[in-house]
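The first chain written gets the first letter, and so on, giving A, B, C, D, E and F; residue counts start at 1 in each chain.
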Amino acid sequence: MKEFTHLDSKGRVNMVDISDKYPTKRTAVAKSEVHTRKDTIEKIISNGVAKGNVVETAKLTGITAAKKTSELIFLCHPIKITGIDFDFKINETSIEIFCKVTANDQTGAEMEALTGVSLAALAIYDMCKAYDKRMTITNTMLLKKTGGKSGDFVR
Amino acid sequence: MKEFTHLDSKGRVNMVDISDKYPTKRTAVAKSEVHTRKDTIEKIISNGVAKGNVVETAKLTGITAAKKTSELIFLCHPIKITGIDFDFKINETSIEIFCKVTANDQTGAEMEALTGVSLAALAIYDMCKAYDKRMTITNTMLLKKTGGKSGDFVR
Amino acid sequence: MKEFTHLDSKGRVNMVDISDKYPTKRTAVAKSEVHTRKDTIEKIISNGVAKGNVVETAKLTGITAAKKTSELIFLCHPIKITGIDFDFKINETSIEIFCKVTANDQTGAEMEALTGVSLAALAIYDMCKAYDKRMTITNTMLLKKTGGKSGDFVR
Amino acid sequence: MKEFTHLDSKGRVNMVDISDKYPTKRTAVAKSEVHTRKDTIEKIISNGVAKGNVVETAKLTGITAAKKTSELIFLCHPIKITGIDFDFKINETSIEIFCKVTANDQTGAEMEALTGVSLAALAIYDMCKAYDKRMTITNTMLLKKTGGKSGDFVR
Amino acid sequence: MKEFTHLDSKGRVNMVDISDKYPTKRTAVAKSEVHTRKDTIEKIISNGVAKGNVVETAKLTGITAAKKTSELIFLCHPIKITGIDFDFKINETSIEIFCKVTANDQTGAEMEALTGVSLAALAIYDMCKAYDKRMTITNTMLLKKTGGKSGDFVR
Amino acid sequence: MKEFTHLDSKGRVNMVDISDKYPTKRTAVAKSEVHTRKDTIEKIISNGVAKGNVVETAKLTGITAAKKTSELIFLCHPIKITGIDFDFKINETSIEIFCKVTANDQTGAEMEALTGVSLAALAIYDMCKAYDKRMTITNTMLLKKTGGKSGDFVR
């Protein structure tokens, strides 16, 4: 691939060339958690948050952000996303956010899933910040990925 | 597809998973109409609108918007657009806008064609609003679609 | 403003220079209608549409699009939007969409309000197209605008 | 503000109208942490990560994302950002990311600062995921905000 | 401004804090040139280029790009653009592109004007590349800027 | 492809329909040059520019811009980019920027490579404009392209 003779100062790779790989089905599942007070969670459950439905807004925010991943993360390839699925588990003082991204590409969808949960979490913060500015977004991580030659990964 | 065990509160689907479908050639044709006064149409025909060439600007606006569809419509998949074609029919007191989008994907191009005509219509409004604030955009609809397992559609 | 001596071929204005105007409070209200079948409306009312809450999604789509107006409509200035408010009136076979945009700028918010209702209408189409491909978006128009030296406008 | 008579089904507010407030200087500081293995941190410190300089890329990613906040978070107003400043503290097995956003607006910059640190954290994940897929982004929170009638906040 | 105690590794500034400056009227004028063959220029003049009107498309491309400058150039502040004006001088084997950007802000509009001419030039390349792949974009430079405490600049 | 009967006024093509072509591997290499003073180059080499690392920022700016090409250049198709590689040659009073884009598509990557070098050049201008406002971006051109039925091109 390297036909350049005077590489950049550090000889660093750029956006990795994946043109000789075949597209295969890829999935990635990420999670994140938003921790807040019990009364904020109660407002969310009873759909009593003034700015609107928190879970619905978080889901749409996360889907929209996952599709923008290659614009937000500079070295990400634009990939052929074929599905984005969100799930929310509401606990006493936290919401767990799960995002599964399916793609058919030469490279994986980990960053899309992680970007999805991260922005969904930020949307929850935005919807509820009038009630609790101390909300914390935590444990954002990759849970699982399948497809690709580096093999499957399950945390 | 559903490996999540605690689905979101309403059990709603998210961005539909199309990873097990094959890409096929898809086309979609949409139309919209902008109604205005006779003298505004005459300005458009004689290329006498101060802000510039109305039809050319509307076409470029529509093409650009059609390519942004998956960013604007939250549950749309990014699709492999292979062609966008605009056509304009100028009547005495209206302009009809037609947009045909061709794609090679697992899902159709209806929203792309509808977004294309809608933004082309808004561009016409913007170019001519100094002459007629009462312009109305109307009859935005899907005329035809081909490809995909749900079969062809002609209105 | 024109210090260029060899103007573009047609001597057309470009993006109008508003630098010598003062920012003032502006409002614009636009509407649009989506016409569909009675049973689709019933699904929307009972929150029975598989893709999710139609009105909530349309509202968020419209807000997001209104903020992107200066990116979508080439000759629009980026304006200081201070509020975007949506309202929906659900009839037997149609939904009326209203969008009010408030801004503090040297130029008005008409295109923002029109872009808002247009994209909210397209979102409704997208959510319900599995039930009715013949839905029509119609009567997109400016209802009212206030502020600015050209005076108020009420349709 | 509410001149609509048939409010949306739940009577929810939309994008809050801030047109009657005065712009004042606002600051917000947020933080986030990326936890990884000691050897990954060593690669980052020695500038030995194949994809490039991790801290520099994270900073530019965070700045770019903070400027896109009103596009990513649906109910955020576009605000007049006047400065974005990042800082990184590298520990034995974690990197702490700090982002301070300054704005001159009618509303605060909390979401901008939180979006900045979140995307900077995701950029670090992307740069280093070849070495450690178990990296975790955690403790994303607002540390401080000043300006605005709700008063200052320090965590 | 610097309240961070453990600055990033190199102590570099980030996006400069301009919050203590007053907005003033700013203008910037940039130019660029596209060099091609005589017969390509003749096609442009006679409006005979198959892809459409070259000058009109270049102008709209440049206006749209100038508005995106703070998204494309990472350390640029989003500024209050109040006008964008393009001008084209067509010579025997070249087109000169001029862009004047007017803004009311705490920082200047140089990058907006330079981004405007650069993208207008790329649009000309795109429209005409079927006729001449050897077209060259050259002499992109700032001609003039006014406003701001660093004083006026005329090249 | 043309099923429209009342083509637009000039009968112009729109966004060319490539749906009947097969995707093949494409590469395009473009270059651009930034000319400045010797002392500015010395600051860049010694990593002494106050705004940060010039080459690293230019590279990331160019990669990000190349991915946005179909948004910036109205008639460009969105293509399946598989790699983006930048190289910089630093001379006494100039920097040469090279960008190679690899894609797997029915159409080529020339505009992506040209957009990449153009924005990388603008980023260098932005980083260094405090030292030299007379910097000039010049000789932006396509050096090479491979793949596609129109055959290879080497300048």
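Definition applied: contacts are C-beta pairs under 8 Å (C-beta built on N, C-alpha and C of every residue); 3 or more make two chains touch, one makes a residue touch a chain.
Since the structure is predicted, the reported quantities are computational estimates derived from the model, not experimental observations.
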{"item": "Labels of chains that are neighbours to chain A and to chain D", "value": "C, F"}
{"item": "Chain B onto chain F, rotation angle from CA fit, given as a multiple of 5 degrees", "value": "120"}
{"item": "Interface numbering overlap (same over half, different under half) for chain A and chain F", "value": "different"}
{"item": "Centroid comparison with chain D (C-alpha atoms), farthest chain", "value": "B"}
{"item": "Chain whose Cα centroid lies at the greatest distance from that of chain F", "value": "C"}
{"item": "Chain pair among B-E, E-F or A-B whose interface repeats that of A-D, sharing over half of the contact pairs by residue number", "value": "E-F"}
{"item": "Of C-D and E-F, pair with higher C-beta contact tally", "value": "E-F"}
{"item": "Rounded Å distance between chain D and chain F, as computed from the means of their C-alpha atoms", "value": "30"}
{"item": "Centroid distance [mean C-alpha coordinates] between chain E and chain A, Å", "value": "34"}
{"item": "Rounded Å distance between chain B and chain C, as computed from the means of their C-alpha atoms", "value": "15"}
{"item": "Touching two or more other chains - residues of chain A", "value": "52-53, 57, 59-60, 64, 68, 74-75, 78, 80"}
{"item": "Chains that touch, pairwise", "value": "A-B, A-C, A-D, A-F, B-C, B-E, B-F, C-D, C-E, D-E, D-F, E-F"}
{"item": "Touch list for chain F against partner chain B, complex", "value": "1-4, 6-9, 14-19, 70-71, 74-75, 77-78, 80, 106"}
{"item": "Residues of chain D that touch chain E when the two form their complex", "value": "25, 29, 55, 59-60, 63-64, 67-68, 78, 80-90, 98, 100, 102-104"}
{"item": "Complex contacts: residues of chain B adjacent to chain C", "value": "10, 12-13, 32, 47, 50-53, 57, 60-61, 64-65, 68, 72-76, 110-111, 114-115, 118-119, 121-123, 125-127, 129, 133-142, 145, 153, 155"}
{"item": "Chain A partner contacts - residues on chain C that touch it in the complex", "value": "52-53, 56-57, 59-60, 64"}
